[in-house]
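Here the structure is laid out as structure tokens; the discussion comes afterwards.
By letter and in written order, the chains are A, B, C and D; residue numbering begins at 1 in each of them.
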Amino acid sequence: MSVCRLTSIAVLLAGMLMYGCGKRAESVTLAGSTAFAPFAEKLGSLYMAQTPGVRVAVQGGGSTVGIQAAQQGTAQIGMADLVKLPPEAEGLTAVVVARDGIAVILNPANPVANLTMDQIRGIFCGTLRNWKEVGGKDGAITLVSREAGSGTRASFEQIVGQVKLSAGALVQDSNGSIRETVASDPLAIGYLSHGLVNAKIKAVTVNDQPCTTEAVMADKYALVRPIYLLTKGSLQGAAQSFVAFILSEKGQAQIRQDGLIPAK
Amino acid sequence: MHAPLPTTDAKITAHEFCLFFGKIQALRNITLDVRRNSILGIIGPSGSGKTSFLRAINRLNDLHPACHTEGLLQLDQTDIYHPQCDPVALRKRIGMVFALPIPLPLNIYENVVYGPRLGHHCPPRAELDMLVERSLRAAFLWDEVKDRLHTSGLRLSGGQQQRLCLARVLAMQAEVILLDEPCSGLDPISTAKIEEALTTLKAQHTIVLVTNNTKQAARVADETAFFLMGELVEHGPTQKLFTVPDDPRTNDYVTGRFG
Amino acid sequence: MRISGDKIAKYVFLAIACSAIASLLLIALFILLEGLPFILRYGPWKFLSTSDWRPHEGAFGIAPMIISSLWITAGAMLIGAPLGVAGAVFLSEFVPKSVMCIIKPTIELLAGIPSVVYGFIGVMVLAPLIRTNLGGPGLSLLAAAVILGIMVLPTIISISVDAIGAVPNAFREGALALGATRWQAVRMVVLKAARSGIIASIILAMGRAVGETMAVIMVAGNTIRTPHSALEPVRTLTANIAIEMSAATGMHRQALFATGVVLFVVIMILNSLAMAAMRRKGGR
Amino acid sequence: MRVPPKYTQMAAITLLGGATLLTLAVLVFIIAFVLEKGLPGVTWTFLSAEPQDMGRAGGIFPIIVGTLLLPLLALVIALPLGVGSAVYLCEYTRETRLTRVIRFGTDCLAGIPSIIFGLFGLVFFVGILHLGWSLLSGGLTLAIMILPTIIRTSEEALRAVPYAYREVSCSMGATRWETVRRVVLPNALPGIVTGVMLGLGRCISETAAVIFTAGTVAAMPTSAFDSVRTMAVHFYLLAREGISNEKAYGTAAVLILAVLLVNLAAYWMMHAFIRRRAR
């Protein structure tokens, strides 16, 4: 009898959970780059405040998941933060909605203030192993890089050029963890989306160009990558108006305020 | 071997009954009748197959994977091992008390009503209470537990637990009661109480008592059967078996020369 | 009809068992179908023995990851199993029931803490500790082994306590009656009786340690190199899958599934070793 | 010269006691670390409001709801399947080669990393079955993930019930199902509850598999087809993406308190159940 009571409660619960299926407000689903997802969420909540009756659902999962989702239709809009779109993205219309600078970051205790492109390439290929060689204090460089396939890393390596990452590099799979690793290891060097730079780490100038929105807008700072919204065929309804909202004056101002660089 | 007793009077009849566990033969052509409303004592050294025979009657050996039987074993003239015979219904009519008292991990009340509650029709509460009292009284346990029916059965002493098991079987209103060395670990007082209960229950039930305590068989059993190495050596009235047995081996066992 | 009720129950349970096993087979098939063709095409020996993992240039060698996974699991079990079983024995044999009712829920609580929290504490507390005192980048094989060791403790303790608790008191009383001290009774009788439950808990814990991803990614450093010392950063098979899967396509994605197949085989080998250990001791 | 048993006993007790104390100290340190960093952030608004500004501000109420619904759905599916299979393997079949293979297979699947279950869910439930990123696909994926653990622990619990009880019940004319329902299952309940707790623990602490199947939408789900975010995923996104450590620890603190409540509730319920049955 106690077992029967347990199973009846379970069946009741399952029924209650299923009651809601089918009732679905008009929804816009985005999926893709983990770097852009939080910003898309912010834009989504702004858009939902402005136009009631629409639900904006933002999923992470990475650029490739975004591209596949847009292709298969599990999401109306795919997000990708790659300099060059991979072959899988053929047949999708790509719209640049923002740009994101990649800051090269060090531990605040590290005296080095500027690095040239060649020095960065040397460090990440493992030819330059000691901070002494780039004007810092003596100490082996702890290299921290993003994982193979991450949009940030692909863009970083394409812009710097001919980077064959040294086998001894630490690999972290998100901007936040790169920041934590660099913040806690005085000899570490890494890179992340410049919107996430905070007091715990220090962004160096690249070829004497600071990593700021102005420098990027003026095309002086080299390490920049576009953020694409990918859609299959023409969009209609809520999804189309959401993309228009992001490209509108209000949307771009929100992007700039959140730390990204407007598309125009 | 003498001619089988008149069939109408026999509750359980075995005819050339054999029992196998895989390749091992536990029982060799047992032919035996158990008269209605009587106590049959089964004695014999350990490993002589007396427990296997007992468990064959309520088909408890079916739980053993490689068990199969030959010959005939009947309850009220219906073959127990007949494919149509449902072992569950059969076990409802035959109660069993094990050597080690095994009260179910429930309180005393639920232990006793466990049998009657099985199946679809569960008797009303009042009837159950009355059944519990009658069964516990018949097992001489009522006075000791009547005010703590809801305590756990595992808390009782060894003798009380065995009487609880007996009460549990009585509550099933079984026609046949099988007892497998019920008093092996009990003190004399509990043993006496159980033996007294059996003699009074003889009127409504047929009882088969397996025991290695020959004196207990002499005291309680109407008829006694002597098992040796899976064979029935001799079966007859207790009085005759313990004084002038036909078979010398029975005589040696009963007088305690070997066994 | 009375009998049919029981028959129905038997077939209901048979159906449930089949659907559960079918869903588990579905997962195993999913992994094999996605990963196996790649291994056969790429060459199993090359895939398992080379240590150069550069997915974008078509080099898929996971030797260092297999070694790291085994090292980390061994380290975790070296820490977790003795502490866990010792804790379980002490808690179920030498601690009064009332105290036990408070400790057991807290231990089971720790099975509920997300591995991400363990990983984050590892990064914040353990890694700097290792870096300052023992050297190296801090994120290392040792850090991952310690964190995993702590994470499997609740699994080992709670299942072993149940296994020891299930040993009937008669066994303990029997041993004590023969003049054994409490510890002798535990060592010679109780542990032997509860052995299958304890080994089951160790197998489950080992499964969890091998299968852990999030905490390992945060704490192990994920370098693609065979570790020469415990202080070097390493990448396990699971970390390799989790880190790169979200952005992997084509051959790279199949290689990651192939890593999943290798992991499945590694787990099977570990389990059969544990089973053999249980049977060999039991066989005597 | 053999050490007299009295001393080996003392040595053993100090050794075991030391190990237990060390374990408890480490485990309590972890709880204290998270609570000390997280509790200041746990206010009523934090518990009742919606998250704003990517989680930097506002509360986590919809996330708490997600954390309750997802494991509940997973258990509603995995519990009957798991315990049912354990009952079948233990009670209705003899120890054959097939049952050993099944048990071995379940052990291996208990070790499969959750990321693979996540991908299976992404391809099968989100993709092929078109359930999309939702409570349903998340629940189904987690159900399959904890199924091996529940089957194994339930089986151990069932096997721990002494065989004699089954024999007695059977001898009193109980069918196999009645024996299971009235004697075996109630007696094995503590072990099964432990298995459920471990399964629940794994569901609540899962991030990779949940992100790929239930998605990361932090809004209140209105139906089984809406995406949800659990506290573990929320902690992961806040801590790993470096959005806000303070809110991350707040979420972790709430999660620990919730898990503690669930454990204590299950524990007292089980004790009451045992006390009622065999007082």
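One rule holds in what follows: contacts are C-beta pairs under 8 Å (C-beta built on N, C-alpha and C of every residue); 3 or more make two chains touch, one makes a residue touch a chain.
Small disclaimer: the values here were computed from a predicted structure and weren't measured.
S.K.: What are the two chains with the top count of C-beta contact pairs?
M.R.: If you count contacting C-beta pairs, the leading pair is C-D.
S.K.: As a test of understanding: of all chains, whose mean C-alpha position lies farthest from that of chain B?
M.R.: So the farthest one, by centre of C-alpha atoms, is A.
S.K.: Looking at mean CA positions, which chain is nearest the middle of everything shown?
M.R.: Closest chain centre to the overall C-alpha centroid: D.
S.K.: Averaged over CA atoms, how far is the centre of chain B from the centre of chain C? Could you give it in whole Å?
M.R.: Centres of chain B and chain C (C-alpha means) sit 51 Å apart.
S.K.: If you average the CA atoms of chain A and of chain D, how many Å lie between those two points?
M.R.: Each chain's C-alpha centroid was found; their separation is 32 Å.
S.K.: Quick one: chain C and chain D, Cα centre-to-centre, how many Å?
M.R.: Distance between chain centres, rounded to whole Å: 15 Å.
S.K.: Going by the contact rule already set, what residues in chain B reach two or more other chains?
M.R.: Expected reply: 88-89.
S.K.: Which residues belonging to chain A are in contact with no fewer than two other chains?
M.R.: In chain A, the residues touching two or more other chains are 34, 61, 65, 173, 177, 180.
S.K.: Find every residue in chain D that makes contact with two or more other chains and list them.
M.R.: Touching at least two other chains: 80, 175, 178, 186, 239-240.
S.K.: State the interface residues of chain B toward chain D in the complex, per the touch definition above.
M.R.: My answer: residues 58, 60, 63, 65, 88-93, 95-96, 98, 100, 102, 104-107, 110, 114-115, 118, 150-154, 165, 168-169, 172.
S.K.: In the complex, go through chain D and note every residue touching chain C.
M.R.: The contact residues of chain D facing chain C are 5-6, 8-9, 12-13, 15-17, 19-20, 22-24, 26-28, 30-31, 33-34, 80-82, 84-85, 87-89, 91-92, 102, 104-117, 119-120, 123-124, 144, 147-149, 151-153, 156-157, 160, 162, 175-178, 180, 190-191, 194, 197-198, 200-202, 204-208, 231-232, 235-236, 239-240, 248, 252, 255-256, 259-260, 262-264, 267, 271.
S.K.: Quick one: in the complex, what on chain A touches chain C?
M.R.: Contact set of chain A toward chain C: 34, 61-65, 86, 88, 142, 147-151, 167-173, 177, 180-181, 184-185, 188.
S.K.: Quick one: in the complex, what on chain D touches chain B?
M.R.: 94, 164-175, 178, 182-183, 186-187, 277-279
S.K.: In the complex, go through chain C and note every residue touching chain A.
M.R.: 54-56, 123-124, 127-128, 131, 137-139, 217-218, 221-225, 233, 235, 242-244, 246-250, 252
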